[in-house]
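Got a structure for you, questions after.
For reference, chains read A, B, C and D in written order, and residue numbers begin at 1 within each chain.
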């Protein structure tokens, strides 16, 4: 473990600032959260992308949101085969143990993972086709949705459409988990599909009545 | 998709507040991030736990941190078998595509996932042993480390020790990825092990000289 | 006064959001309310409970409701003895100065104060019996009503019944205030007894013809 | 109880709107709040004034704030004499039972109760001097603070100054409760003094370093 390095100085400084302000102002709450445990109202599944901060957009405070972030905010289909399924584990913990009331899937514009999927589907990314490409194999989850956007000639528009499809694919896959569909049916859990435009600061949600994403 | 619900009103309100303040004040930067792409300096792998906000602790701004969050901040060993590996995909994207300079694994106190692992190892959690338990199968990644803390009789101390082992396990597994170990060797990437105490607001990093975690 | 702390950051952020949206959109009305004074149509007496928001349930806008909130939405009997009577002062101000047209007492399910009263009456809460227990002494107002629910064996049903009795006790006590009973008699004020079920989102009002609470 | 009236139609309509929207979108959360109990992070003591909505200013959602509202946001001194003390009961419940982390006293501009106190102190309000005046007796809590603003000749400025004194008086009185001062000393509770300008939408907090209220 001799390769591990100390925390970079710029982060030490920021941490000290946080400790002296945010922590100091809220230490009572932090202590309660530690002793009484978390009780988040919602789970959010978003992308790892550094430009997407659900905590910022929703003013998420300590203890409010159980957050899973992966490439392209994807949920794979239910597959209880005994293998490691990191995303499925987060959903199971949030719904079955924490009993969150809302589960939001948040997609976003300019998603590199979604663009990689398009490149693969167009035959432009042989390196992603390789068995060893973890990103490629992860984006296979979204691949079946490509045909729904294959006819869109404008590239930005096509990417934007597939980003929204990634949200819908995750929602559909979520419903394949028995504990999710049961909680949705009995009204204790609601699912939400969201997409944010990074540059414009826009936010859309999937409206089942309209059958498409609409501005909040 | 008729099960999808609109965004809850309390989040609509908060989003509108964010749009009118944080976004409005930084729209030039948001637009650049959208058109020029992200260029994060660091990747962080932390837990989904609602009490752990790396963006808060490190004052992370838009575009700074590529963040993956899963149960117990675990990285599985390198296994290019063609299956979906969500966590491995995030590491590949951060290191090979984004070329981040720092990769931090952030563990934390009162981790429910780590506690579940202890319960399994003690034979107290048959439900987590089931093949269908995604949480149980995910925590199998940490299981081999249990023997290192098995002798600790104080329960809180034992959990705390295994939480730190989960950070070290992830660092060790990270080095099993060829693109990670190469980047570490050529000096373009540094790895960091961190652990935060939720109630006390403390932060420790793994110090290879001391061979243990020390306060920042 | 050196113990006072600045406003926690999470509330600063939310306030800034409100200022930039709700306030900005309604500043003309806020200014008129400031210069012309309030003219609320109704007073509501509800519990302090964080799960009961009369402003949400009734879509209360700025200037509409004069709201008093205390433990278990109780009004003590008329007692002009020169002591501090906070609740009586709110009723006097609403009826004699503001001349509200409606006065609503809103009880609710899962009321901790009412449960405390039951525990006292059953001899299970010696700490609430102590002279120094403000909660205990406050719940003494409701105590005489316990005998009306003493025979109910189901605990949830009993609590629910006493919650409704707390509303009726408050209405009865309100009529002991001369300025209230006069306003009721001359038709300028109407009294309303309400009870809300937090989990089911239900709302009941006391129907004098039926002699019981009925669903709205 | 034949004087009780059904809920006015305009509120029935609004309630039905809330039930069909806000409740419907959040029923999972409402149910959890009902079955698991409340766990509010903060208590707010504000005025009953219809123009002051802490839920609006702070985007307070279901289960977040334990709210007490009385005339002029006053807390009387600690007086465990066995009488009904409604405000003291709310503080005891919030601090000792719910263990809130923050306790905010929120004053406001154009406060009718504070103006009444000034009128009394100037000898202009004999009706408030009467033993039977609940408002007058309640405002006696603030009366000792009048001398601190007696020299201010501008009436609006004087009222504004006494409104801030009412916040400070409440904070001082809060510290006279043993369970409050102990929680403040051990860091589990923080007290905050706030004042809002209704017309301008401003918010100030008491800054102990500056020794006065400053804009947020």
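One rule holds in what follows: a contact is a pair of C-beta atoms (placed from the backbone, for glycine too) under 8 Å apart; a residue touches a chain by one contact, two chains touch by 3 or more.
Just so we're clear, the structure is a prediction, and the values are computed from it rather than from any experiment.
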item	value
Interface with more contacting C-beta pairs, comparing A-B to B-C	A-B
Angle (degrees, nearest 5) of the CA superposition of chain C onto chain D	180
Distance between the centres, which are taken as Cα means, of chain B and chain A, whole angstrom	14
Inter-chain centre distance, chain A versus chain C - centres from mean C-alpha coordinates, in Å	41
Centre-to-centre distance between chain C and chain B (centres being mean Cα positions), rounded to whole Å	45
Multi-partner residues of chain D (each touching 2 or more other chains)	22, 25-27, 31, 59, 62, 102, 190
Footprint of chain A on chain D - complex, ascending	25-29, 31-32, 36, 39, 41, 59, 99, 101-102, 183, 187-190
Residues of chain D defined as touching chain B within the complex	21-22, 25-26, 59, 61-62
Residue ranges of chain D in contact with chain C within the complex	1-8, 11-12, 14-19, 22-23, 27, 30-31, 33-35, 37-38, 40, 43, 48-51, 53, 55-60, 62-71, 74, 76, 80-94, 97, 102, 104, 109-110, 112-113, 131-135, 137-141, 168, 171-172, 175, 184, 190-194, 197-201, 203, 205-208, 211, 216
Parts of chain B lying in touch with chain C, wherever the complex brings them together	13-14, 16-18, 20-21, 24
Complex interface listing, chain B residues touching chain D	5-6, 8-10, 13-14, 17
